[in-house]
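The structure follows.
Chains: A, B, C, D, E, F, G, H, I, J, K and L, in written order; residue numbering restarts at 1 for each.
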Amino acid sequence: MTIQVLNGANLGRLGTREPSIYGDTTYAELTALIEKTARDLGVGVLVRQTDDEAELLHWIHAAADTGDPVVINPGGWSHTSVVLADALAAVEAPVVEVHISNIHKREEFRHHSYVSSVADGVIVGLGVQGYVMAVQWLAAEGTT
Amino acid sequence: MTIQVLNGANLGRLGTREPSIYGDTTYAELTALIEKTARDLGVGVLVRQTDDEAELLHWIHAAADTGDPVVINPGGWSHTSVVLADALAAVEAPVVEVHISNIHKREEFRHHSYVSSVADGVIVGLGVQGYVMAVQWLAAEGTT
Amino acid sequence: MTIQVLNGANLGRLGTREPSIYGDTTYAELTALIEKTARDLGVGVLVRQTDDEAELLHWIHAAADTGDPVVINPGGWSHTSVVLADALAAVEAPVVEVHISNIHKREEFRHHSYVSSVADGVIVGLGVQGYVMAVQWLAAEGTT
Amino acid sequence: MTIQVLNGANLGRLGTREPSIYGDTTYAELTALIEKTARDLGVGVLVRQTDDEAELLHWIHAAADTGDPVVINPGGWSHTSVVLADALAAVEAPVVEVHISNIHKREEFRHHSYVSSVADGVIVGLGVQGYVMAVQWLAAEGTT
Amino acid sequence: MTIQVLNGANLGRLGTREPSIYGDTTYAELTALIEKTARDLGVGVLVRQTDDEAELLHWIHAAADTGDPVVINPGGWSHTSVVLADALAAVEAPVVEVHISNIHKREEFRHHSYVSSVADGVIVGLGVQGYVMAVQWLAAEGTT
Amino acid sequence: MTIQVLNGANLGRLGTREPSIYGDTTYAELTALIEKTARDLGVGVLVRQTDDEAELLHWIHAAADTGDPVVINPGGWSHTSVVLADALAAVEAPVVEVHISNIHKREEFRHHSYVSSVADGVIVGLGVQGYVMAVQWLAAEGTT
Amino acid sequence: MTIQVLNGANLGRLGTREPSIYGDTTYAELTALIEKTARDLGVGVLVRQTDDEAELLHWIHAAADTGDPVVINPGGWSHTSVVLADALAAVEAPVVEVHISNIHKREEFRHHSYVSSVADGVIVGLGVQGYVMAVQWLAAEGTT
Amino acid sequence: MTIQVLNGANLGRLGTREPSIYGDTTYAELTALIEKTARDLGVGVLVRQTDDEAELLHWIHAAADTGDPVVINPGGWSHTSVVLADALAAVEAPVVEVHISNIHKREEFRHHSYVSSVADGVIVGLGVQGYVMAVQWLAAEGTT
Amino acid sequence: MTIQVLNGANLGRLGTREPSIYGDTTYAELTALIEKTARDLGVGVLVRQTDDEAELLHWIHAAADTGDPVVINPGGWSHTSVVLADALAAVEAPVVEVHISNIHKREEFRHHSYVSSVADGVIVGLGVQGYVMAVQWLAAEGTT
Amino acid sequence: MTIQVLNGANLGRLGTREPSIYGDTTYAELTALIEKTARDLGVGVLVRQTDDEAELLHWIHAAADTGDPVVINPGGWSHTSVVLADALAAVEAPVVEVHISNIHKREEFRHHSYVSSVADGVIVGLGVQGYVMAVQWLAAEGTT
Amino acid sequence: MTIQVLNGANLGRLGTREPSIYGDTTYAELTALIEKTARDLGVGVLVRQTDDEAELLHWIHAAADTGDPVVINPGGWSHTSVVLADALAAVEAPVVEVHISNIHKREEFRHHSYVSSVADGVIVGLGVQGYVMAVQWLAAEGTT
Amino acid sequence: MTIQVLNGANLGRLGTREPSIYGDTTYAELTALIEKTARDLGVGVLVRQTDDEAELLHWIHAAADTGDPVVINPGGWSHTSVVLADALAAVEAPVVEVHISNIHKREEFRHHSYVSSVADGVIVGLGVQGYVMAVQWLAAEGTT
C-alpha cells in the first residue's frame, strides 16, 4: 500500500502564492513533511502535484487499479470539476480531501466541493498539518 | 465522411468503473461494437477517448475542418465545460450527444449539459446501444 | 409482447403544427413508419395518440398490467404532469421517452421532464427517427 | 370568421364561485353579453366553456384549422398548462388572453401565465368587460 | 349530508402500484373500509376515483352545490393542479386532504400541494387509516 | 371627471423608437386617437407624457386629489419604480395600466410590473388600441 | 407502552395565545381530552409541554430508550430545529407530528417542517382533534 | 491551557443513535479516547456534552475568558444556530469544528455550518478519530 | 406598567465581545443607562438578559399576561428563532426590537429578523442609545 | 452644524396618502414637530421633501460638502435607488434612515433598503417619532 | 459627428467622492482629458454630466436623432434603470459603456448592468483612461 | 517588461469559428495586430494561445514570477475556471481581461467571469481592438 498524495492546480506555487491565505510553507517543504510523516508511520507515500487535469485523472485511475488510498487537495478544481469527483468515486480505498485554507471563510463559490461527497472525510483550514493528519488517518485505517 | 465518435474523461474506464451505473461492457468492447456497426452500414468511423480536454477540443476542431459528423459522450464535462460546447457549436455537420446512464435519474447537477444545446440530438440511458443508434442516425443523415 | 407507442397532447397535429420545430412528417406518416419498423423487426406495436390525459393514463395502466414496453412522447405534459410520471413508474417493462425536437435548445421550462426520471432512457432531437430507434432498442431488449 | 371565445376550468361556475374575486355576473350572462357584443359588431362568435383540457385543446386545434381568432380565459390552467400554450402557438389568427380578476394582485403563482407568451395581448382585471374588449379588438383586427 | 371521498389519478391502482410506497390495501378494500367507517358513524359517504381531471372538478362542483364535506386525495395532481385547488376553494363545507404515503419523505416536488392551502386540514403518511380519520373528523364536525 | 392618460419615459419617441416592437403610430397620432375616443364618449381626457419621474408623480398626486381616473403606461419604469406604484396606490378612482407591446414575450425583467398590483386592470400587447380600450372602460365605469 | 404526547414551545399558552389561529381550547383542556382518549382506548399516555428544547430532546431520548410511540407538536421549532428532527430519527416506534392550525395556509416559512421527514405521518389543521386522532392511530398500530 | 472539547445536542446518544451514520463507539468510549489522547500529549482536556444550547454558550464564554482552545461538534446546531457561531467568534484561541459523519454526503441542509466560518478549521467524516486529530492539532498549535 | 427590556444570547458579554462591532459599553453599564432613562421618565423598567431561549420565552409570556410593553434585543436568535417571534406575536402591548450594530452592514443572514415582522418598530445601529430611545418611545406611547 | 432632514418621493403627501399605513400626521405637522425638536435641543435643522431624485442627490452632495449629518426617509426609493445610496456613502457625518411604517411587515420588496447598508443606523415603524429620535441621536452625536 | 460623452448620477463628484474607489482625478480634469483626446483625434466631442435621469434620457434621444455615437457611464443607474437602457437601444450609432472602477470586484448588485446588453462594448476598471479608449474606439469606428 | 497576451480555448480558431459572433479577423492577423501595436509603443509583447488549461496556468505562473503584465482572453473558461482565476490572483502586475464579443448580449452563463474579479479591468465587445487597447493601457501603466 502506497498512500497517494495528489495535489491539483496551482499547489506547486505553495509558499509563493498568496501566503496570507495559504501560508509560507513551500511545496518542497510540504512534500518533505509528508514523506517524513509516512516514514515515521512505516507506510509508503507518493506526493505529486499537477496543473493538468488529465494527469490528475490518470493518477486517480492508477490508485483505483492498485487499491491505494488517496489524499487529495484538488485546489480550485474542487468547486468545478465533476470529472475529478467521478474518477474518485471509483476508488474503493479510503479518500481524504484536504484544503490548506478554511474554504468556508472565503468566497461563496468555494463552500461547495464536488469531491467532498465522494471522499470519506474532509480536513480544511488546518494548514499543511491537514496532509499529515490525513496520512496518519489513512495509515491507521490501513492497519485496521 | 468519417463519423467521429469522441469520448471524454473517465470513459476509458468503462466496464471497471461503477458497473452498477455504467454497465459491464468494457471500453474495448464498446469500440468494437461501434466499429462493427459502421462496417455494417458501410460508413467510416473513428472511435477515440481522452481524459485531456485539450485533446478533445482538437478532435472537435478537426471535425469542424473536415465536415465530419460527431458522436460525443463528454462524460462529466457535459455539466461543466463551456469550451467544449463552444467548440462543438462550430461543427456544421450533425452532432449527437450520448450518455450511457440515464443522467436524469442521478444527481441534480447531471441534469444540465452545456453540450445538449449545441447538439442536434441527445440519447441518454440506453447503454452502449446509444452509440450504435447515434452512428446509425448520422449514417442515415449523411445519405439523405 | 406489443410495444406501446403512446403520444400525448397536440402530437396528432404533427406535420401541420409549427413544422419549423417539429418537422413536416404527418402523424399518419409517423404511425406508418413505426408500424413498418415493428413489422421489419417482427414485433407487435400499437401506436396511439390522445389529447386526454386520462386516456393516456389508462393506456399506461394497461401496459403495466400486460407487461408491455412503452415508447412515450408526452409532448408538453413532460414538463408539468406528475400523474403521468407516477403511472409510468409502475410499468416494469422498459420505457423510452422520445422528443422529436431538441428540447434543450428551447425555452428553459422544456429542459425538465418529470417522465425522464422514471423512464429507462430518453431520445431527443432526432426527429421521427427517435421513435424508430426507441422501438428497435425495446425490441432488442425484449429478445435479450 | 367566427371569433372563438374559449373558457377553461371552473369558469362555468361564474357568479356562484367566490364572487368577491370574480364578480356576480353568471356564466350565462357573460355568454349573452359577448353574443350581444358580436351581434352589434356584425361578427360571428362562439362562446364555450369546458372543464376538460382535451376538449379545450380540440377547440383550439379547430380554430387553428379554420383560421378563427381566439379569446381565451384559461382559468387556473394559465399557470400550469404547457400543452394549452403549445396548442395556441399553432393558431395563426390573433389570440387575446382574458382574466376577469387582476391576477397580479393575487398569489405569486398566478403572476405567470404560459399562455401570455403565445397570445398577442392580454387583458386582466377589467371584469367581464375584458371579454367585450377582446372581441371588439379582434373584430377590428379582422377588418383591417 | 353525504361525505364525498374523492380520489384522483392512479389511485384506482392502489395495492398493485408500488406497494412499497402505497401499501398493499387494494382500492376496493379501501372503499369498503371507508364505507364501513361511515356506516358505523351513521353518516352517508360516497367513495369515487377518477383519472380524469374534469370528472373530479365536476364532483367538487357538485359538492359545492350540495354543501357536502369532502375528503380528497388528489394524488399527483396535488403538486400541479391549480384548477383543482380553485374548485375546492369554492366548497364551503369542510375539506380534508389525505395522502397515504408521507409525501414529506419523498421527492422535493411532492412537498408542496396547491390543495393544502384551500383545505381545512391535511393528513399524510398514516396509510389508508388517513381516510378513516378524515371521515370521522368530518362526521364530528357535521354534528357540532 | 377628466381621464388622465399618463405616459412615462421614452414614450414621446413613439413611432421612431424600435417600431418593430412598438409599432409606427407616432406619439402625436396616439394623442389624437385618444382625444377622439374621449370626444366620441363625451368624457374629458388629458394626454401627457414625461421622461421625468417627478413630473409623473405630481400628475398622479393631482389625480389623487381630483379623483380623476388614470390610464398609465409607465414604460420601463413599470419594472423598477416603487415610488410610482406607491403614488398610484393613493389614487382611489380606477387605474388601468397599458403596455403597447406584449411584455410577456420580451425579456424576463419585463414580466413583472410594480404598477400591476396597484392598478385595477392591465392591457398589454394590443398596440395603441389598448389606450382606447382603457379609456372606454374608465368612461363606462364612471357612468355606472 | 405509554404514548408520549410532547408539545414544544408556546403550546402551554393554548387558549390564550392568538385564539383566532389556534382555537380557544386551553392547554389543560387539551391534556384532559387526550387523557380521556387514551383511557377510552385502554392505552397509557403522558402529555407534556416545554419551552425548553433540551427538555424536549430528553423526553424524545427517553422514548427512544423505552420504545414508546410519540405524538409531537413541535410548534415553531418544526421549521427551525434540526436537533429535534435528529432526536426523533432515532425513535424506532411510530411518530406522528400534529399541528393545530393549517400551517400551509400561513407564512411561507411554516410550510416546511424538519420533523415531517422523520415522522411516520403528519396531521395539520384539524385543531385539537388532531391529537386525538394521532393517539388513536398509534394505539391501533400498537395492537397490530 | 485546557483544551475544551464541547459536544452539542444528541451527541450523548453516540453509539446507540443511528450507528450506520455515526458508528458504534459510545459517548463514554469517545470521552476516554480523547482523554487518553490528551494524556499522551501531556495537555489538559475537558470533554463535555449538553443538549442545552445555553449551557454550551456558557462553556464557550468561559473558554473565551480563559483563553482555552476549543474542539466543537455542534451536532445539528451547526446548521441552524447563529448564537453558537456568535459565541465562538469571540474565542481568540484556536477553534476546530469536528463532525463524525461526512455531512457533505447527507441532506443538503447539512452542507452549511454557521460554525465553519468562525472556526479555524473543520474535520468531517473521519469518525471519532476526528476529535483525536483536532486535539493533536490544538496541542501542537499551543506549543508553537 | 413596567417596560420589559429583554436581551438574548451573548448580550451579557457586551463590552468584552467583539467591541469593534458592538462597542465597549459593558452590559452592566447598559443596564444602568436604561434604568436611569426610566427613572428620568418616571416609568418602571426591568432589564434582563439570558442565554436560555426558554427563559426568554417565559419573560415574554409574562409580559403578555401583564400587558407590559417590551424592548427586545434577540441577538443572533433574531435570524433563526420562530418560537421567539411566535411568543412576541401574543404580546398586545407595543414591542420594539433593538440591535446595537447595524445588521444591514453585516452578513446576509443577519438582514432578516423573524422578530421584525411581529414588532411595532425596529431600531438598529444606533448603539446602546437604541435602548434609550426604545424606552422613551414606549413611555410616550404608554401615556398617550 | 445643521441636521439635514431629507424626505423622498410621495412623503409630501403624508396625512392624506394611505393613513392606515402612514398615520394621519400631515407633512406640515411633521416639519413643525422636527423643527420644535431641534429648537429644544439647540441645534439647527432643515426639513425638506422632494419627488425629484436629482434634487435629493444635490441636497446629499451639499451635506457631504458641509459635513452636516443627515436624517433620510427615502420612501420607495429605499428599495430601488443605488445612486441614492452611492451619494450617501460619500457623507462622512452620521446618517440615520427613518421609515414611518414598519417595512418588515409589508411586501417582501420593502424588506431590503440600499440605503441601510450605508447609513449608520435605521429606525422603522415608530411613526413620525422616528424623525424626532433620529434628530436627538444626531444632536447627541454632534456634541460627543 | 460629435461623440457624446454622457455621465450619470454622482459622477460630477469625481475626485472628491470615495477616491479609494474612483481615483482622485476630478470631473473637470476628466472633461479636459477627454476633450484633449478628441482634439488629438480630430473628432468632435461633448462631455456632459447630470444627476437628473430625465436630462440624461433627453441627451440620448438627441444622439439617436443626430446619429452621434455615445460613451456612457451611467453610474449607479447601470444596475437599476430600464428606461436608460430602453433609450440607448434606440441609438443606432455605436455605444460604449464605461465604468471607472472594476464593478466586478464590488457588491453583487453592481455586477449586472441593464446598459451592457444594449451597448456595443463595455470598458470597466481602467480608470479615467476608459473614457479615452472609448473615444478612440468610436473615432476609429466612425472613420471605418 | 514583456506584456503577456494569453488566449484560451478555441481562440486559435478565430476568423473561422462563428464569424457572426467573433468577426472575421483570423488569429494570425490578431497576433500581427497586437505585435504591431507593441512595436509602435516600444514595448515587448508575447502573444500565445492554447487549448490546454495546464499550459495557460504555466504561462500565468511565469508572468507572476517575472512580474510581466497580462492581457488575457480566457474564452469559455472565463465562466467556469476557478483555477485560472486563482493563478491570476497571484500576478502582481496589472491584468486586463478582454472579450472580443459582448458577452452581456449572449447567454446568461456568459455574464459572469471568475477572471473579472481578479483582473484590474475588463474590455468586452470591442472586437480585436480590445486587445490593442489593453496593450496600450498596460504600456502606459508600465511607464507611470
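The rule is simple: contacts are C-beta pairs under 8 Å (C-beta built on N, C-alpha and C of every residue); 3 or more make two chains touch, one makes a residue touch a chain.
No experiment lies behind these values; they were computed from the predicted model shown.
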* Asked: Can you list every chain in contact with both subunit F and subunit K?
  -> J
* Trace the shortest sequence of touching chains from subunit C to subunit L and report its length in steps. => 2
* Asked: What shortest step count links subunit F and subunit L in the network of chain contacts?
  -> 2
* Asked: subunit G and subunit E are one sequence twice: same or different residues at the contact, by the over-half rule?
  -> same
* **Equivalent-chain rotation between subunit G and subunit D, CA atoms, steps of 5 degrees** => 120
* Counting C-beta pairs in contact, which comes out ahead: C-E or K-L? -> K-L
* **Where subunit A and subunit E are represented by their mean Cα positions, the distance between them in whole Å** => 54
* Per the centroid of Cα atoms for each chain, what is the distance between subunit D and subunit K, given in Å? -> 47
* Structure fact -> For subunit K, residue numbers touching 2 or more other chains are 52-53, 80
* Asked: What chain pairs are in touch here?
  -> A-B, A-H, A-L, B-C, B-L, C-D, C-E, D-E, D-F, E-G, F-J, F-K, G-H, G-I, H-I, I-J, J-K, K-L
* **Residues of subunit B that touch subunit A when the two form their complex** => 8-10, 12-13, 16-18, 50-53, 55, 75-77, 79-80, 109-110
* Of subunit D, residues touching subunit F in the complex -> 96, 102, 104-105, 111-113, 116-117, 119-127, 129-130, 133, 136-137, 140
* Asked: In their complex, what parts of subunit D are in touch with subunit C?
  -> 52-54, 57-58, 61, 64, 80-83, 85-87, 89-90, 114
